[in-house]
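I have a structure here, written as structure tokens, and I will follow up with some questions on it.
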Amino acid sequence: MSAAATTQTGARPARAGRRPSVPSWVGTVPFLAYVAVFLLWPTGIVVVDSFKNPAGGWAFANITRLGDPLVRGYFIGSFKLCVLSSLFGAVLGAILAYAIASGDPDGPMRRLYLAVSGVLAQFGGVTLAFAFLVLIGPVGLLFHAGWFYSFPWGITVIYTYFQIPLMVLVFLPAIDGVKIQWREASENLGASAWQYWRYVGGPLLMPAFLGGLLLLFANALSAFATIVAWENQIAYIVPQQISTAMTSEVGLSNVNVADLLALGMVIMVAIVMTGYALLQRRAARWLR
Amino acid sequence: MTAAPVTRTARAAVEVRLEGLSRHYGAVVALDHLDLTLEPGELIALLGPSGCGKTTTLRLLAGLEDADTGRITVAGKDITGVSAAKRDMGMVFQAYSLFPHMTVRQNVAFGLRLRKVGTAERDQRALEMLELVGLAVQADRYPHQLSGGQQQRVALARALAIEPQVLLLDEPLSALDAKVRAQLRDEIRRIQLEVGITTLFVTHDQEEALAIADRVGVMRDGRLEQLAPPTEVYSRPATSFVAEFVGLSNRLAGEVTGGEVTVRGVTLPLVERDVPGGQVVALVRPEAVTLASDAAAESGPLTGTVIAVTFLGATSRVTVDLGDTTVLAQLPTSDAAALSAGSRVTLAIRRDPVLVSAASDPAALAAEAGL
Amino acid sequence: MAAVTSVGETPAPAAASRPRGMHAGRRRRLNAFRYVVFTVFGLFFLLPLLAMVRFSFEGAKLGTWSGAAWKQIASYQGEGVPPLLSSIEITLELAVITSVVMLVLLVPTMIWVRLRVQWLARTMEFLSLLPLTIPAIVLVVGLGPIYNRIQHYSLSALMLFWIYVVLALPYAYRALAAGLGAIDVTTLSEAARSLGASWFTVMVRVIAPNMRQAILNALLLTFALVLGEFTIAFLLLYNNLQVELYSISRNTPNAGVVFSTSSAALAFAFILLLILSYAGRRRRGRG
């Protein structure tokens, strides 16, 4: 069989006389451009603007406003809420994810709870606040719980409500990635259920769990809608503060300080996302 | 291979007895009252197509699943109700069983750690095991850095580190390359003999089973068709399923008279003595078919035309059209060298005992052929 | 590894085609655990929703029943806001536009990255997750000036889709990545190319049909997101469904129509996702 007679598959033209090819990454330009314009650029603007004064000049002193006790109070309040709801959401979400993953992959429970998670992770906003108002609020159908109104408890419960589904969506693939052979092998080697989780299952899932926790934390930071509808103790959440700053209803009506607060949040998020990326690398290697 | 393998004075080998084991999943019967005894120190290979129950047997023995009925006895003790973690057996899985977040050494030492063995002794023992399988150098690497064959060796070391009473291997070589498979297979056998441990080896590859087992158990539909040393399973198959599953067979029409069968003019002894006379189908091995001394004769029941010659290395397989049927002959390549498609040949059949089945019942034939 | 599961996707089946059994005791404990978990979480999720539904049937006096809130949906007109129905309409249209743009943007890019530019995969994953974590506020503050300019031209709220696509990225990306991961993209595309297919054909007629489930997933998650989005629309002074509901609630507290609409929106999204998880399922051959 003569080699010259065989043509290369792929229907490419012969090597000689080919025009210079465009590098393949060009195909990703639409996506990258879109993200750059509608995500990275606005973020960049905020970061840069936070160091400017209303007249347009540079004002790095703005950053000292972050130390302002009022501002600090807002950040701390926001922080508390986010940490609490993320912890609850992560742990409870992990438990629910495990319950889903350990059942029939094709079964009704899995489908049901995945659909529930898909929907509830998105409806964290106004609707949810309403629902809780009706359930436990002034005309509460279930009961009237006084503690619910004290920050941060009521709002934490509401946050947890949509943190759990998000954790399920994020953590479930990791649990699916745990191979059944690991469980059987450790059983065979003499491990009890507790020992399996302590030495094998736990360590393997920890990066994914922490990653989910971080993601939840970042998500809580940026959740704002719920606060507006809750109509109580709202001043203690940074996003709300930014909103008032922008609409200059009350308090700081300096647009650049709104930027600053936004910057503070971006920094928190950046730290979180870096941690997440590092954890993901480890988890992906083990649970591919 | 590295340093001289270290042999531990393992405990005395034990007898394993499976009695009347049954297991079904819904309507599917996976095991049907299986009886199997493993002599101390013996390696039994369970061989069969997928779904035959061989893996189920292994998992029941390991305690990873419960039998519906039956009893399992190890060294005289009934362990049927004992949980997997307490059964003191070492198991090697087909793939993926090494813990990815632990180094090779940590993997091997894991069972010892669970048994509260001290760190120094643990590490030393793990290293010994790794030397046994020839991987001491890789002790501090992670599983994903090893090849498939190396991973399975680590799995073997891990299983043996706890000095189990029984070794279980669930198709350990199926996921590996052909060359690695052959190498590792011999090594597993060597180590098993050295340690002297009673072993159950499950595979669907007959070559593997024949190569390493003391006895081979051919299974089908949850039952043992035959349990015998490899040579016997091959040359004296108990049923036509075994004959067809292990090695290749030619199905040739013949007639039984007086305790022998006549196939195409050649009289052959029978595997079973008391077969009623009449028309039968005889199963003849390709390697029993050779070239007659006057190979290019013009006519005769064993004369025909070559359809194809398949070169397999040391041997060649020749497909011959005898007019009313096709026969497969396996010849040393030197003999087949002169043949090509279209050559006229005369074959001869060696007088090995053959298995026959009644020709008059097409349904039975079809059933036996597994259709 | 996909970091978010999509509705309706099932994990790859275990190697053995026959069911893998489990120790009886362990199975019992596991089932008990699952039973408890599903019940507790089910209740937790259900109660607020039930309260909302119950309230939507509340009549003029507490304790009475009335379907008025539901009937009102079509005709409700709050003070100083456009009719409820128009905001529902706009939101649904937004959902469709966002979904389409998202698909057109993501699917070809992801297939392309998978096939030819693998080194960008990590970056793409990271970028896609970013919107989850960057506060909507920041986007608003950053994009505010642009949207001010747009409003100058009184373009409708449909302009929100530009941002919504970004918001939907994390969920859509994960859903599509899971679908891509389940098929052998390289082999399929090489086979198609060797038969003479153009890249367009490969993507649209070879790969995408095999990702049907994942695409449906991404679509529906996007839908759910748009239906539930409040913050950005609110801050940019647009009137989508959630903003409208909020306005109504501020001006007319206990307006039953708020609850009936919310319930309807939730139910709609939920039923859609359930249908999806059954519709997209590939017909499995024997075992």
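Order of writing sets the chain letters: A, B and C. Residues in each chain are counted from 1.
Convention: contacts are C-beta pairs under 8 Å (C-beta built on N, C-alpha and C of every residue); 3 or more make two chains touch, one makes a residue touch a chain.
Keep in mind the model is a prediction, meaning the values are calculated, not measured.
Trainee: Examine which chains touch each other and state the graph shape they make (line, ring, star, complete, other).
Mentor: complete
Trainee: Going by the touch criterion at the top, tell me which pair is linked by more C-beta contacts: A-C or A-B.
Mentor: Counting C-beta pairs in contact, A-C comes out ahead.
Trainee: As a quick test, compute the distance in whole Å between the mean CA positions of chain A and chain B.
Mentor: Roughly 53 Å separates the two chain centres.
Trainee: Quick one: report the Å distance separating chain A from chain C, using the average Cα coordinate of each chain.
Mentor: Comparing mean C-alpha positions, chain C is 15 Å from chain A.
Trainee: Would you please write down the residue numbers of chain B that are in contact with two or more other chains?
Mentor: 63-64, 83-84, 95 - these are the residues of chain B that touch more than one other chain.
Trainee: Where on chain C does chain B make contact in their complex?
Mentor: Per the stated touch rule, the residues are 15-19, 21-25.
Trainee: Using the touch definition up top, name the residues of chain B that touch chain C in the complex.
Mentor: On the chain B side, the touching residues are 23, 25, 28, 30, 50-51, 55, 59, 63-66, 83-84, 94-95.
Trainee: Enumerate the contact residues on chain A facing chain C in the complex.
Mentor: 9-11, 24-25, 27-28, 30-32, 34-35, 38-39, 41-46, 49, 92, 95-96, 99, 101-103, 105-106, 109-128, 130-132, 134-135, 139-142, 161, 164, 168-170, 172-174, 176-177, 180, 193, 211, 215, 218-219, 221-222, 224-225, 228-229, 239, 242-243, 246, 258-259, 262, 265-266, 269, 272-273, 276-277, 280, 283-284, 287-288
Trainee: Could you list, by residue number, the parts of chain A that touch chain B in their complex?
Mentor: 179, 181-182, 184-192, 195, 199-200, 203-204, 285-286
Trainee: Which residues of chain B touch chain A in their complex?
Mentor: 62-64, 83-91, 93, 95-101, 110-111, 113-115, 144, 158-159, 162
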